[in-house]
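The following pair of complexes shares a single chain, chain A, combined with chain B in the former and chain C in the latter.
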Partner chain A sequence: MLSLPCPFCGQRDETEFLNAGPAKSARPNTDVTDSKWVEWLTVPANPIGYVEEKWWHARGCGKWFTIKRHTVTHEIKMPDEDDE
Partner chain B sequence: MGRFSAFSLAWNALTHHQNWTRYWQNPPLAKKYDVLIIGAGGHGLACAHYLAKNHGINNVAVLEKGWLGGGNIARNTVTIRSNYLRDESIPFFVKSVSLFEGLAKDLNFNLMYSKRSMIDVVQTYPKMREIRRRMMNGYLHGSSYSPIDVAELRRRVPALTGGGPESRLPIIGAMVHKEAAVCRHDGVAWGYARSASTRGVEIHQHTEVKSLIRYKSGEIKGVETNRGTVLANKVAVVVSGHTTTITDTAGLNLPVKSFNLAAFVSEPVKPLIDVIVNCPDLGVYLNQSDKGELVIGGAPDAGQSFRRDMKQNVFEDAVVTMLELFPAFRRLKLLRQWGGVLDIAHDATPIISATDIPGLFVSCGWWGGFKAVPAGGYTLAHLIATRQPHEVAAPFTLDRFRHLDFIVESGTTTAR
Partner chain C sequence: MGYQATIEKQGMWAIFDIKGDASAAAKRIAPLGLSLPAGTNTAKAKGGQHLCWIGEDHWLLLAPAEMENELLERLDPHHSSIDCRIVHVSDAYTLFTVTGQQADDILAIASPLDTRRKNFPNDGAAYTEFFGIRGLVLRRPDGYLAAVERSYADMISAYFDKISTGSR
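Moving on to the complex of A and B:
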């Protein structure tokens, strides 16, 4: 089980949270091409490495937050930390 | 390659089983092929078989990083079914179920195919509505799905003693999918490999594709492996959860994410359940294998993952929910657990498609792709040979993302 860093409650068990999927980059401007728009909408990063994802402390304080998590080791980092 | 028959069994028994021929050959790796298939799993080997059998293309190499049939074809819960929701999906899975029925004969390989019905146990009204919608769409496309009441459900699955009126989620009904079956999953991989190898297809295990190579003009040129460069004008990526790992090397972005889905088996017990029981409201499903073990699957791990184990809290969730409906299983010992890496597309519908890179084909987004192995291989072979999608797989191309014309499929995952 993961231990997730809730910004409000501190480290809590994964079972208190809901995974809300990959954190997306900012929505493109309206002058974006169709193909770039589709890519933004449908293509997530899927690396063997760190993904940025959102979690919701649904069975806790209700806070939403973003972390980086390794898809093999489950190691967790803050979004501003380096992947190394 | 000798054919399996009563005569060949008797003859080889008399000669102390010293003269069986190998299922597949191990020829040296050539520099160039007509078609390269990356991944010797169910879909890849099925594609090789149908390329050779239906289209006469046998200058084909199947490249496998690990060992043949060691990926998700070795890690599933062997369920074959076609009770999907969408007009686009049902004909494809009906085709797959019908190919499975004749597969043992086609491959001359005993797959221990056992048609045994799947029963969905329904405990909430939203699920009941969704499942009735699937029933009506199934009628239109030749996939049977019929309601039974709780008394009939308990008669057919006597071990199901939980879910009474006092429980948290009382059972309100059930739905039977008669075409559902199970079969020996490894046999499917071995049977297809044996048949493809007999027809001249080469299978190269322990040959890891490091990257895809393209011509300057953009077309696919071949692949770089740990055993050197192999060239081909047509390359198919059939590697389930690791699809993006391969396609990323050519700069191709695909709308899929990888997840970990796991299952576990109990100790063997006397025959107890003769159908596949699926409990979509709780997110658990089970069947009993020929050895007597209960094969139990749960929900996927929530976040993207490339792991092949089972997370403890996911495992506990599956066990706890199963015990709500089958309290007697509390006494069972569990023997093994395992997981696999699966990929799911943005709209939860498979992708069998040509790509923006001419000559590169992908078959991915299967989620649980075991039930789709014959039709997936059949239609991918058709696509590779003719460059046109087969009619039952025509909705599954990448074009649907280009036009935001999604096929949002709720029947993809058994649980939830």
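Moving on to the complex of A and C:
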């Protein structure tokens, strides 16, 4: 089970949270090509390494926050921490 | 297997949901003689009232039902110039007390909350998962007080019966 760092409550078990998917890069400009738009909209990054994700503390304080999670080890880091 | 714990469904409590920034909330509750809790996920208790800091700019005030009219008058939810929303939500919750030597064991089954005192101190109060739904857990000297949405009360009572008696 994951233990996630809620900014308000501190470490809590994964079952108190809902995953809200990848924290996307900035929305492309309106002059972007269709293929680039579809890629941004529907293709999540899936590297071997850290991905940024949004989580909602739905069964807790209700806070939304972003973390970095390693897709292999599930190690959790804050977005401002280095990947290494 | 049974547990040495007593679980009791409580009658009505007076409950108020308070949202706003801390300075505004402090002004609104000042007429009650209460101050805001110092730490997140803790409660300030006075005269049977428990003011729980349960989210960012979010507090829940619990008090015995007989104080409800007095609290309504003092908090004056609908007529304040201070930008802090107070909603009377007594009907929305059902409360349970879990007391006794093995109250911690019952809580450990009901919730993933880490109730060790270094993580959930004597004045601890937090929303957490409670039998799969969102519930408020408040530590008391004799055990715990838990509040869940009223529509789930029968389900929670049934879960408590199952785990406290060991019936399957």
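As a working rule, the second predicted complex is superposed on the first by the 84 of 84 C-alpha atoms of A that agree within 3 Å, B and C clash if a C-alpha of one lies under 4 Å from a C-alpha of the other, contacts with A are read in each partner's own complex, and residues count from 1 in each chain.
The rule is simple: a residue touches a chain if its C-beta (ideal position, glycine included) is under 8 Å from a C-beta of that chain, and two chains touch if they have at least 3 such contacts.
Keep in mind the model is a prediction, meaning the values are calculated, not measured.
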item: Partner chain in contact with A:G60 - chain B first, chain C second, else both or neither; value: second
item: First (chain B), second (chain C), both or neither touched by A:E39; value: first
item: Partner chain(s) touched by A:V51 [first = chain B, second = chain C, both, neither]; value: first
item: Touching partner for A:R69 - first (chain B), second (chain C), both, neither; value: first
item: Partner chain(s) touched by A:A23 [first = chain B, second = chain C, both, neither]; value: neither
item: Partner chain(s) touched by A:C9 [first = chain B, second = chain C, both, neither]; value: second
item: Per-residue touch tally on chain A - higher for chain B or for chain C; value: B
item: Residues of chain A contacting chain B in one complex and chain C in the other; value: 13, 15
item: Residue numbers on chain C that touch chain A, as the complex places them; value: 40-41, 54-56, 58, 112-114, 119, 126-130, 133-134
item: Chain A - residues contacting chain C, complex; value: 8-13, 15-16, 58-63
item: Complex interface listing, chain B residues touching chain A; value: 244-245, 248, 253-258, 302-307, 311-313, 343, 346, 401-402, 404
item: Footprint of chain B on chain A - complex, ascending; value: 1, 13-15, 18-19, 22, 34-35, 38-39, 41-44, 46-48, 51, 53, 69, 71-72, 74
